[in-house]
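You will see chain A twice below: alongside chain B first, and alongside chain C after that.
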Partner chain A sequence: MTTMNPSAPRPARPIPQGRNRFERAMWLFMRFSGLALLFLALSHFGFQHIIVGTHQLTSEDTIVRWGLAGESITLAQLFWRLYYGVMVLLAMLHGLNGLRQVAYDYLKNKVVYNVFMAAAAALILAATALGVIALIVGVNASGAAEALAR
Partner chain B sequence: MSALISTVRASLTYRGREGHWLWLLHRVSGLGVLLFLILHVIGMSSAFVSLEIHDRLLEMYKTPPFAIGELALAFGLIFHAVNGTRIAILELKPELWQKQQLATRLAIVIVALLAAPTIIIMALGSINAFFGPGAGH
Partner chain C sequence: MIKVHLKIKRFNPEKDKKPWWGEYDVEVEPTDRVLDALHEVKWNIDGTLALRRSCAHGVCGSDAMRINGRNRLACHRLIRDEIQNGQITIEPLLGLRVIKDLIVDMEPFFAHYRSIMPYLVNDTDPGPRERLQSPEDRARFDDTTKCILCAACTTSCPSFWARGEYVGPAAIVQAHRFIFDSRDQGAAERLEVLGDSNGVWRCRTVFNCTEACPRGIEVTKAIGEVKQAIASGKVR
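Showing the complex of A and B:
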């Protein structure tokens, strides 16, 4: 342990070296995913929530943007699917790791921590899988057609 | 449980001034955005199950509780983005740590400049939808 010189500038949080490869990888992931999400999440929020506005949203917009299941998609729809696919993956993993760090600080009991993180990881990974599968499949309009026919 | 309470209490009462409040708000906003993200992704995925369910969920988003929650989301997202950038820059350039108080205050100013117009525009949109001409449709 080196003695600290109180007047010397201290690094904010040194990169974990050597033994803890996982934490180092996660530390790097949080920076890079955070940088990507800075553009992805803010552009998505700015467009859908501020410029368009939630009150103007209809399911037709969803169909136009993402395309119908079973039909070939346009280049624009492919772009939106990739845009949202990358965003969902990065945001969910960024959130899962952030939650892990917070839980590690507050849940001191190892059993409680493990159970909580297993449940949280299962929920987050299930939601991610649902979102990605949905983006690959496309909008299912058959239910709406049946509803209109009734 | 007592360990949890004392850790949470220490988080709230530690007097680290602005830097500490930003640290605390980064955690709270991160957890809030994560909770919304999970609900939002499950909700939007409904379009791929049934357009009928998707329509009902979109209508639910247009109700007052969701409109208020959306304002909190806007602030949380902007705060987490700006403060996260501050953290990443300070860690990348440790020599800037000497100016950390300036960075902290700069982050607060940028959050205010981005969040204020966003929240005003969204609140006006909601007020118009709930009380303006054609409200209730």
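Showing the complex of A and C:
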């Protein structure tokens, strides 16, 4: 006969995953990217407006931090490029998935939804690519010279 | 006895082009239920008012409706708690088709309920006696056994209003009751439904469902536990 042992810990039962794993992946992405963005955006704000100071902030700071295009960069400059690269990437994709949720609520027609999401994804991914490329390449030298001269 | 001005949203699709407000003055006790005021209208003022109710004691879940803008059971709320400046506003549940007045078509709601297989799934032989379960295992899903399927939660959910395809809080609560039951083995099939794009991921944690539940079930928490089970691949 089976005996009951109320104090025995309940073992975690494994459960198989369903076929549709996309929504699960997106849900997890929103949680983790949201947490990461909270840290990235707040530390960016703290650095720009508290450590450097709102009134001392110039484009020179940005040039020093990112380094000039075509020149070799320091480890610190690599860090800042990665830092902002990750922030741009996460913010844009986080926003794109949020937009997808809203569009799914309001655009009941499947064709309209697909066209809207294709256009939105293309625009957002293009803007993201532009941002990331700008970060990888670094600050434009002639533009920077003009900025420093001002 | 006090005088209550009832403002009831009326709609008869066979006669009316659009819903209209029916206004009625009734005399009731402050300790009467909102349902008693509705009975007063139907039995003594206007017999054409249509509403659904059965047990009238908060158990069958038939008379869920919007009372002063919140999903409530009419048999569960007292006049003195709902009356605002001498008036109570009553509307049918949102998000489901109105058949007449306060009666909505519950079929889409029950279709979602059926989709999560709301029954024990276990093909193993239990032997000569019932399947045993420890008090702790039973306590794990106690909260979600309280559901009476009144649809107050599902029809208070903005995701459900926007998309009727969303399985909805009530169906997830019912699924939770079996997924977290140590005797059940049907989690895989249920999570196939709940892990889909119209499953638990449609929930944006608005908490309307928890606020609406007349049984005090922590609906949003239950949905969160199902999400966590799918995300981690483990039922704890």
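Here is the rule we use: the second predicted complex is superposed on the first by the 115 of 150 C-alpha atoms of A that agree within 3 Å, B and C clash if a C-alpha of one lies under 4 Å from a C-alpha of the other, contacts with A are read in each partner's own complex, and residues count from 1 in each chain.
Note that in this section a contact is a pair of C-beta atoms (placed from the backbone, for glycine too) under 8 Å apart; a residue touches a chain by one contact, two chains touch by 3 or more.
Predicted, not measured: the structure shown is a model, and the values here were computed from it.
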{"item": "Comparison of chain B and chain C by chain A residues contacted", "value": "B"}
{"item": "Which of chain B and chain C A:107 touches, first, second, both or neither", "value": "first"}
{"item": "Partner chain(s) touched by A:57 [first = chain B, second = chain C, both, neither]", "value": "first"}
{"item": "Contacts of A:20 with chain B and chain C, given as first, second, both or neither", "value": "second"}
{"item": "Which of chain B and chain C A:123 touches, first, second, both or neither", "value": "first"}
{"item": "Partner chain in contact with A:40 - chain B first, chain C second, else both or neither", "value": "neither"}
{"item": "Touched partner set for A:90, first chain B, second chain C, both or neither", "value": "neither"}
{"item": "First (chain B), second (chain C), both or neither touched by A:28", "value": "second"}
{"item": "Overlapping contact positions on chain A, where the chain C interface meets the chain B interface", "value": "10, 12-13, 105-106, 108"}
{"item": "Chain B partner contacts - residues on chain A that touch it in the complex", "value": "9-13, 31, 34-35, 37-38, 41-42, 45, 49-50, 53-55, 57-59, 62-63, 66, 69, 88, 91-92, 95, 98-99, 102, 105-109, 123-124, 127-128, 130-131, 133-135, 137-141, 143-144, 147"}
{"item": "Residue ranges of chain A in contact with chain C within the complex", "value": "2, 4-6, 8, 10, 12-24, 26-28, 101, 104-106, 108"}
{"item": "In the complex with chain A, residue positions of chain B that touch it", "value": "3-4, 7-8, 27, 30-31, 33-34, 37-38, 41-42, 44-45, 47-55, 58, 61-62, 66-67, 70, 74, 77-78, 81, 84-85, 87-88, 90-92, 94-95, 97-98, 100, 118, 121-122, 125-126, 128-129"}
{"item": "Residues of chain C touching chain A in the complex", "value": "132, 134-137, 140, 159, 162-163, 179, 182, 187-188, 191-197, 199, 201, 204, 227, 229-231, 233-236"}
